[in-house]
Amino acid sequence: MDFAPDATTVDVVARTQRFLDEHVYPAEPVLEAELAATPTEWGTRPVVRRLQGLAREQGLWNLFLPSVLTNLQYAPVAELTGRSPRLAPAAFNCAAPDTGNMELLTELGTPEQKEEWLEPLLDAEIRSAFCMTEPDVASSDASQIATRIVRDGDEYVITGRKWWSTGAMNPDCALLVVMGATDPTAERHRRQSMVLVPRDAPGVRIVRPLTVFGYDDRDHGGHAEIVFDDVRVPVGNILAGEGQGFAIAQARLGPGRIHHCMRSLGMAERAMDLVVERATSRIAFGKPLADQGVVREWVAESRLQVEALRLLVLKTAWLMDTVGNRAAMTEIQAIKIAVPRAVQQILDRAIQLFGAAGLSGDQPLAEMFAAARALRLADGPDEVHLASLGRAQLRRREGTVT
Amino acid sequence: MDFAPDATTVDVVARTQRFLDEHVYPAEPVLEAELAATPTEWGTRPVVRRLQGLAREQGLWNLFLPSVLTNLQYAPVAELTGRSPRLAPAAFNCAAPDTGNMELLTELGTPEQKEEWLEPLLDAEIRSAFCMTEPDVASSDASQIATRIVRDGDEYVITGRKWWSTGAMNPDCALLVVMGATDPTAERHRRQSMVLVPRDAPGVRIVRPLTVFGYDDRDHGGHAEIVFDDVRVPVGNILAGEGQGFAIAQARLGPGRIHHCMRSLGMAERAMDLVVERATSRIAFGKPLADQGVVREWVAESRLQVEALRLLVLKTAWLMDTVGNRAAMTEIQAIKIAVPRAVQQILDRAIQLFGAAGLSGDQPLAEMFAAARALRLADGPDEVHLASLGRAQLRRREGTVT
Amino acid sequence: MDFAPDATTVDVVARTQRFLDEHVYPAEPVLEAELAATPTEWGTRPVVRRLQGLAREQGLWNLFLPSVLTNLQYAPVAELTGRSPRLAPAAFNCAAPDTGNMELLTELGTPEQKEEWLEPLLDAEIRSAFCMTEPDVASSDASQIATRIVRDGDEYVITGRKWWSTGAMNPDCALLVVMGATDPTAERHRRQSMVLVPRDAPGVRIVRPLTVFGYDDRDHGGHAEIVFDDVRVPVGNILAGEGQGFAIAQARLGPGRIHHCMRSLGMAERAMDLVVERATSRIAFGKPLADQGVVREWVAESRLQVEALRLLVLKTAWLMDTVGNRAAMTEIQAIKIAVPRAVQQILDRAIQLFGAAGLSGDQPLAEMFAAARALRLADGPDEVHLASLGRAQLRRREGTVT
Amino acid sequence: MDFAPDATTVDVVARTQRFLDEHVYPAEPVLEAELAATPTEWGTRPVVRRLQGLAREQGLWNLFLPSVLTNLQYAPVAELTGRSPRLAPAAFNCAAPDTGNMELLTELGTPEQKEEWLEPLLDAEIRSAFCMTEPDVASSDASQIATRIVRDGDEYVITGRKWWSTGAMNPDCALLVVMGATDPTAERHRRQSMVLVPRDAPGVRIVRPLTVFGYDDRDHGGHAEIVFDDVRVPVGNILAGEGQGFAIAQARLGPGRIHHCMRSLGMAERAMDLVVERATSRIAFGKPLADQGVVREWVAESRLQVEALRLLVLKTAWLMDTVGNRAAMTEIQAIKIAVPRAVQQILDRAIQLFGAAGLSGDQPLAEMFAAARALRLADGPDEVHLASLGRAQLRRREGTVT
């Protein structure tokens, strides 16, 4: 259990921090201006492309790849990117859902799949979406997924309706990774497969964008509802083979969850910086907010939560690196549950301290709140994980002292 | 302490309930469609005007007026309107901030002010806004308000910057009730005055709309930042006289807070209905959500909270009716703090049960959440009231058994 | 829903308040001294008998009886007795479990049973216990109760083991109301019966006293584990007939629960008085505790909780009086869950404010905490009621606006 | 930040675990029996002395000493001793307050002081108490301590009243470490000194034992109120010199707090083991408790809390070892606040699951609850630390990413 940053980590963290200070924070108002200037357009804004160019030059690129950094090395970098969640992950080509899709293709893709999709994704030339959740079933129970993927000669025919396909409104989004049933009669966890579907394939219909607390995440590519109406792809577009869909989804979600948690802690730290700045400079009733009511206690509670949870995230990363994602299951579930809700509380307190400004677009707090709130549902509602974690404890009969 | 509904209440509640079922709920998708068709327009949509016509015909109009219903009679009506918060309050001409402004004009307006502003407001021909909060100071400390209202001959000259002027983006909004300092050297609570400013007066500049989470409340009139740049109004536009601003604001906020609480309970009940419907019909892992995890406990906790808090709201209404707003101060503070945060929790649980749908515009939950969250800041952050309530208790030395 | 105190209530509350001030509070240190002087003795102390004499003279006697006061009238009286929980309920002959047993005998007892047991109980000449919970089964599931009551000619033969028989260590305790199965093969809710068992019947063995957080409640009669080893009573000792046990238990618990809640609120008010006194007089770091940290917020939160919950208790009492215990089921469950846990929080905060003194016997707080904590388990753990309340809500499909 | 157990730790943890299994758990009912047999006696029971002999033989002795184990090495050992809090710490001679006193004497004692007091303490021949808190002042503000230590020739004369002197009822307690003002006019943190006072010195009067909830901790030595009435000790009995009292207290409390936290986690783990055992074996309503209501969620939440907080405790230990107690201040405060309250919650849930048995002496839960609850006040109420931690954050302007 050694969480100390090694030389690589120290270096990359320092460079990331500098990049944030020099390029990312100053770019935040630029993004706002670009969005205001093109309010109805979907997709990556120029400022992001400019940052991507700079980040790539400086070697701050695709750092999420296991071949580049271990989970433990990546953790503080990901946390830093969470401090500017609309710009930094995209700038470093480390934004979900592309990261998860790139990992899948790296690990499971055929040479053809890699050439066609992975390379341009790694170069940020295209974007991708992950199409799993469906509006008509409780998708936390993956066995209920109703989209059909039927083999017809050399093709798979895909029929179904997906939603919350994040990024799919972005015109740069060229690839949809689609989960559906190839054999609905198979054993629960062997029913599903994943296929790679070009977003411009005939029969793919982007129905509409969805909002999260009123945000459409327009710059990032939004969240789409998509109908697949007899969409045909070559059989070579299957990922890892028929019946592997559930296993792939599980494999994908482990790193996805820890990345979300890392970035969430970064959001919390950003909020705490803003709170300290506001509380020490804003005056009411004759003294700074810092000296009033429960402000000190809120700041202390937020610090407590972040410190304890960061250690749990680091331990999870270290376990994933040393014993594997499967053996780290309990810890992955634990942080999946504990981090977003704590960050939601921290952001709620920060909003309260900022007053109405905290609810508005003038501060990043309300938007970060929406993101943290959404994480309590992303990859399955917390309650599914909580019950699963509890069940696992109840099966074990001994205590744990490490 | 008699909260039993009298005959008037029973009648008006029944009619309101019927109106909701027959007209309001069916109008909800109509509003969505109208908003989707005119996404960049600000202001009241046709469906609202149609509902207003029907409500007025049925005598469900201006029920908030003390001359129409007492607070105790109005409470269950207001709660019902909260079940469809974007349509029902507006349909009945009972939406904030117009209600508060109409109350002020009714009570304090000169005959000329009433003719010019009150009559058209009561007829829903115009809308109004309340301009109190300022971006540059912590406005929970009213003595900090920096807008100046300087007498110059027969005119007042107004200079300052306000924000969160709810409704002011609506082109129908004709009246701004503006608070500012007429005598910054006076005793703290005598510095401020209120003047009536036509929205089209020279020097009034609507700077921009603000968002609450990502919602702009476009149909209602949004929340504006407004600059007053040497705006001139006749001296007859002052409300109640110089130095009365603070007292007026206090008087206005009492009923405002209880109305907010009543409607919030209606939002909670609507959410609970949706939860029951969803939990009993949605299947995961082979059984309805209602039979899983913590759903029963959540439903029970939400019911507990609503039942206890509704009684506290009713008691507050009854106190306001019988001993007056000032004597009901502790209770008004208590519900101001307790109701929105409980409703926020209830909505948070409802969203969680609905999964990602709960975050989107497909359900009213996320938008109601944003509204409840905002109430924890509206009329001063809860913490100011909590500290004030605690201080009052600590000054009193005896317990209370009623 | 009229909770206003009528003339009877105003009168009896005033007299109760006066009795507390004049007799009960001054008797608290006397009880401590008497207990210190006879540390190993079980049972009612002289000071309690003296108070009983005074209370009876003043007509403050057996006020819990439905024939004396309605639930709504009794509520504020019971709350007041909760302010001195070790003395006042006993002084007024209104202490559990005797109250519940007296109610049962009043309603269901035969003339012989009334003469033998009810009369001396009403005169406080004897005390009684209620023997329901068993150590070997989860007794919240009443169908699991394993004690057997077998008819043998003109006698019932009782065999089993009970615990948490409150009051049974008191030598004055003459009557045990025992629940057991007369027909274990009957339908779930018809298996059980209740019989009246003299505590000195052959075969009754008081095994040992139990403690609650270290407290043995020695003055009150403690909590006993009791073995019934072929105990024989005449068939005339059955209460209401064979198979009625479950129904009787349910009937008994409704009023019992509301009485517990009322007294709990009194404990909370007492704690809040102590907190106000302490916070305004104790100095640390140069100013009173009242001006530090979170004290104001704690006081306000406690006040909020008590005000809302008292109204819910009053509504429950009013429903029990007007529509009956069965129709008030949801409300009874609601207060059973909500009141003790809120009071536990209030007491926890009070202890924290008092520092180590709050944990000790120098203040009544720790002992009241233990009592409130125990109520979360008494008459079934809260979670059983919470799930039941949730289930009932999920069965109903419409909302409630009163 | 390397928390991995080294070879020493692995070895001592294994031996401690074995000792618990073989000797300590079986001794728990023996202690109960010995206490029941001598209910009015204060002091160490024979079973403890027997365990001490065994532990010493096995080298499990005085492990808390920095010269024996580092904080990081000691942490898992201390956690294990917390699983049987009345026996294990005493068995290993690692129980508070003796540990803190032994540390002080080791570090600051003169050769004479060491010979007279430290040697017999290290051999468990005598016990000691720490006399700091006073009944008449809020002792969290150390500058208020009123006990006077006045030099008179070759002696110090001590006058004052202390309470919560843990262990001082034990007849084996031979040493009182007493804090008092030598120079009340000095700078706040230079007023106090500490002197070593034999418990049998003339003028020392043990006034009475105090209880925590209803527990007197009779076997351990209880918690005493003590009057010092012109008690005289040689000037050589001062610890570290005049004016050092505050600094010594601070130095003593750092390790004390982390030890308390470690043991608390052990209490939580013990409770969780009991919960798993109970939930999987106890049946109600036809199925094990493990399959009902919120049990799984409770178990999961408890696991989450313990895992995150243990890491924070380990980090604190590691910081104390590597950068010193002073630099670890934030973390020491953080765990002081966060651990006991989490453990209190875990125990509260465990009690609830056990039903009334959880409140009684039949399970260790209620007594452990009282201990965890007391820790929220020991060494200053959490709120003092929370405000201090918050203040420190507000003074810092930069975020922390490690």
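Per-chain residue numbering starts at 1, and chain names A, B, C and D are given in the order in which the chains are listed.
Throughout what follows, contacts are C-beta pairs under 8 Å (C-beta built on N, C-alpha and C of every residue); 3 or more make two chains touch, one makes a residue touch a chain.
Just so it is clear, the structure is predicted and the values come from calculations on it, not from any experiment.
Common neighbours of chain C and chain D under the contact rule above are A, B.
Counting C-beta pairs in contact across A-C and across A-D shows that the higher total falls to A-D. Of all chains, the one whose CA centroid is most distant from that of chain D is B. Computed centre separation for the pair chain A/chain C is 53 angstrom, with centres defined by C-alpha atoms. Computed centre separation for the pair chain A/chain D is 43 angstrom, with centres defined by C-alpha atoms.
Counting partner chains per residue, chain A has residues 293-294, 296-297, 383, 386-387 touching two or more of them. Per the touch definition, chain C reaches chain A in the complex via residues 293-294, 296-297. Here chain A touches chain D in the complex through residues 1-5, 13, 17, 76, 79-80, 83, 266, 269-270, 272-273, 276-277, 279-280, 290, 295-301, 303-304, 307-312, 314-315, 330-331, 334, 337-338, 383, 386-387, 389-391, 393-394, 396-402, going by the rule given at the top. Residue ranges of chain A in contact with chain B, taken from their complex: 133, 135, 137-141, 144, 163-164, 210-216, 282-285, 289, 292-294, 348, 351-352, 355-362, 366-367, 369-370, 373-374, 376-378, 381-384, 386-387.
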